[in-house]
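Shared between the two complexes below is chain A, which has chain B as its partner in the first and chain C in the second.
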Partner chain A sequence: MDLESIVKALNLKVRSGEDKLKAEIRGGYTGDLLSDVMANSKEGDVWITRQVHQNIVAVASLKEHAGIILVHGNEPAKDTLEKAVKGGVPIMVSDLPGFEVIGRLYALMSKTG
Partner chain B sequence: MLEISLHILDIVENSTRAGAKTVSIDIIEDTERDVLSLEIRDDGSGMSEDVLRRVIDPFFTTKTVRSVGLGLPMLAQAAERADGRFIIESKGGEGTRVAADFKLSHIDRQPLGDISATLVTLVAGNKDIDIIYRHEHNGQTYIFDTREIKKELEDIPINHVTVLNFIRSHITEGLKEIGAEA
Partner chain C sequence: MGGNFDNAGEVSSNIKTVLKQIGLPKDVIRKAALVAYESEINIVSYARKGMIRLRVVPESIMIEAIDEGQGIPDIEQAMQPGFSTANQKIREMGFGAGMGLCNIKSFSDVFHISSEVGKGTHLRMIIRASSAVLNS
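Let's look at the complex of A and B:
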């Protein structure tokens, strides 16, 4: 499954990395604690968080995540967005609370593999 | 980072990488002012003004193995998240001072964590660096200073396991005595 299908299925708003949406997603990880995400997430994961600080872009690029989904209508901070555009890291935004985003994503990804 | 002590490990690693001979770590817990403050000073190589301006940028590092440097940005973010402030000052050839304040009672402030384990790790891994730890709790102060210990030890290396065990209990006891609680 690629990011583009997720964007469509969950009606996400894409804020950066539009040219990277064909990337294959290998899994998902959820967390707001950067050190935890650094230690436990994997390459190719889509990362679901409500942190909007620019440090998330550095973590996502270090871990080679497929992209970041911000939940509950949280928009990336200005410098976060700048870094994400520059580094080609997809940031997507959902109005839904984290619990629902993760639930839908999980169902979608277990169905299609 | 789950605990402030993990930030301490991270920031002191910067100091040792910068060739510091002496590293001072100060913690102040002030219940009345509702502040927890952390300050780390070193006498390492310091930074140019240009580097200093960029250290809070997570995409800045002088490490060659990777393209991001998160030690300082993560501490800065942790302080901001707990209604605090982050300050870094440095002079090429002189050293660096990193200070982070946290609102003590802020719900998102991380706990201080295991200070004795943290200091033991630092001493064990950096036997030639002097580490001075000062912890103040509402006016009562505990000080741990490897220079004092080295004076007593004479020929035994400070990273000898018996010494490290002594250090661990010295710190644990000392912090208990001043009622450290953060």
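Let's look at the complex of A and C:
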């Protein structure tokens, strides 16, 4: 499954990395503690978080995540967006709370494999 | 430079790029990137200034994080998972969860820490490259 299908299915707003939406998603990870995400997430994961500051771009790019989904309508901070655009890291926003985003995503990904 | 979170992660990103260019196994790069990142965040969070030194030999990668800062009074306590002296501002950004040093240790093959209160902290980590080649 690629990011584009997720964007459509969950009605996500794409804020950066529009050209990377064909990237294959291998899995997902959720967390707001950056050390936890650094240690436990994997390459190709989509990262679901409510953190909006610019350090999320560094983490996502170091871990080579497929993209970041910000939950509950949280928008990336201005400098976060600038870094994400520059680094080609897709940031997507959902109005839904994290629990629902993750639930829907999990169901979608389990179905399609 | 301590206290500046704007470019936090950039040193680690450079280190990762260099290691990729050398063509080291992914698993080794993954470990080194984490070790470098957590060290970098520690310097930004707690030190006045610091440096990260990378040395690569065929058998291993050595990463050193040397800072000038407050130092750690009780290293054993600092190594406890969940222990942190981070202020509210640092915690709000999702840092300061008390996982940094533990993660560095668990992702390194050799971990050495020394610190002097009021002077600074010196971390030295070695990640073996050869064993990873055999395993991958």
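FYI, the second predicted complex is superposed on the first by the 113 of 113 C-alpha atoms of A that agree within 3 Å, B and C clash if a C-alpha of one lies under 4 Å from a C-alpha of the other, contacts with A are read in each partner's own complex, and residues count from 1 in each chain.
Methods note: a contact is a pair of C-beta atoms (placed from the backbone, for glycine too) under 8 Å apart; a residue touches a chain by one contact, two chains touch by 3 or more.
Bear in mind that the values here come from a model prediction, so they are computed numbers and not experimental data.
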item	value
Touched chain A residues, chain B compared with chain C	C
Partner chain(s) touched by A:His53 [first = chain B, second = chain C, both, neither]	both
Partner chain in contact with A:Ala39 - chain B first, chain C second, else both or neither	second
Touching partner for A:Leu70 - first (chain B), second (chain C), both, neither	neither
Touched partner set for A:Ser61, first chain B, second chain C, both or neither	both
Overlap of the chain B and chain C footprints on chain A, listed as residue numbers	33-36, 38, 53-55, 57-59, 61-62
Chain A partner contacts - residues on chain B that touch it in the complex	1-2, 6, 57-59, 66-68, 70, 73-74, 77
Chain C contact footprint on chain A (complex, rising order)	32-36, 38-39, 43, 49, 51, 53-55, 57-59, 61-63, 79
Sites on chain A touched by chain B in the complex	33-36, 38, 53-55, 57-59, 61-62, 83, 87
Complex interface listing, chain C residues touching chain A	5-6, 8-10, 12-13, 16, 26, 30, 33-34, 37-38, 41, 93-95, 97, 99-100, 103, 106-107
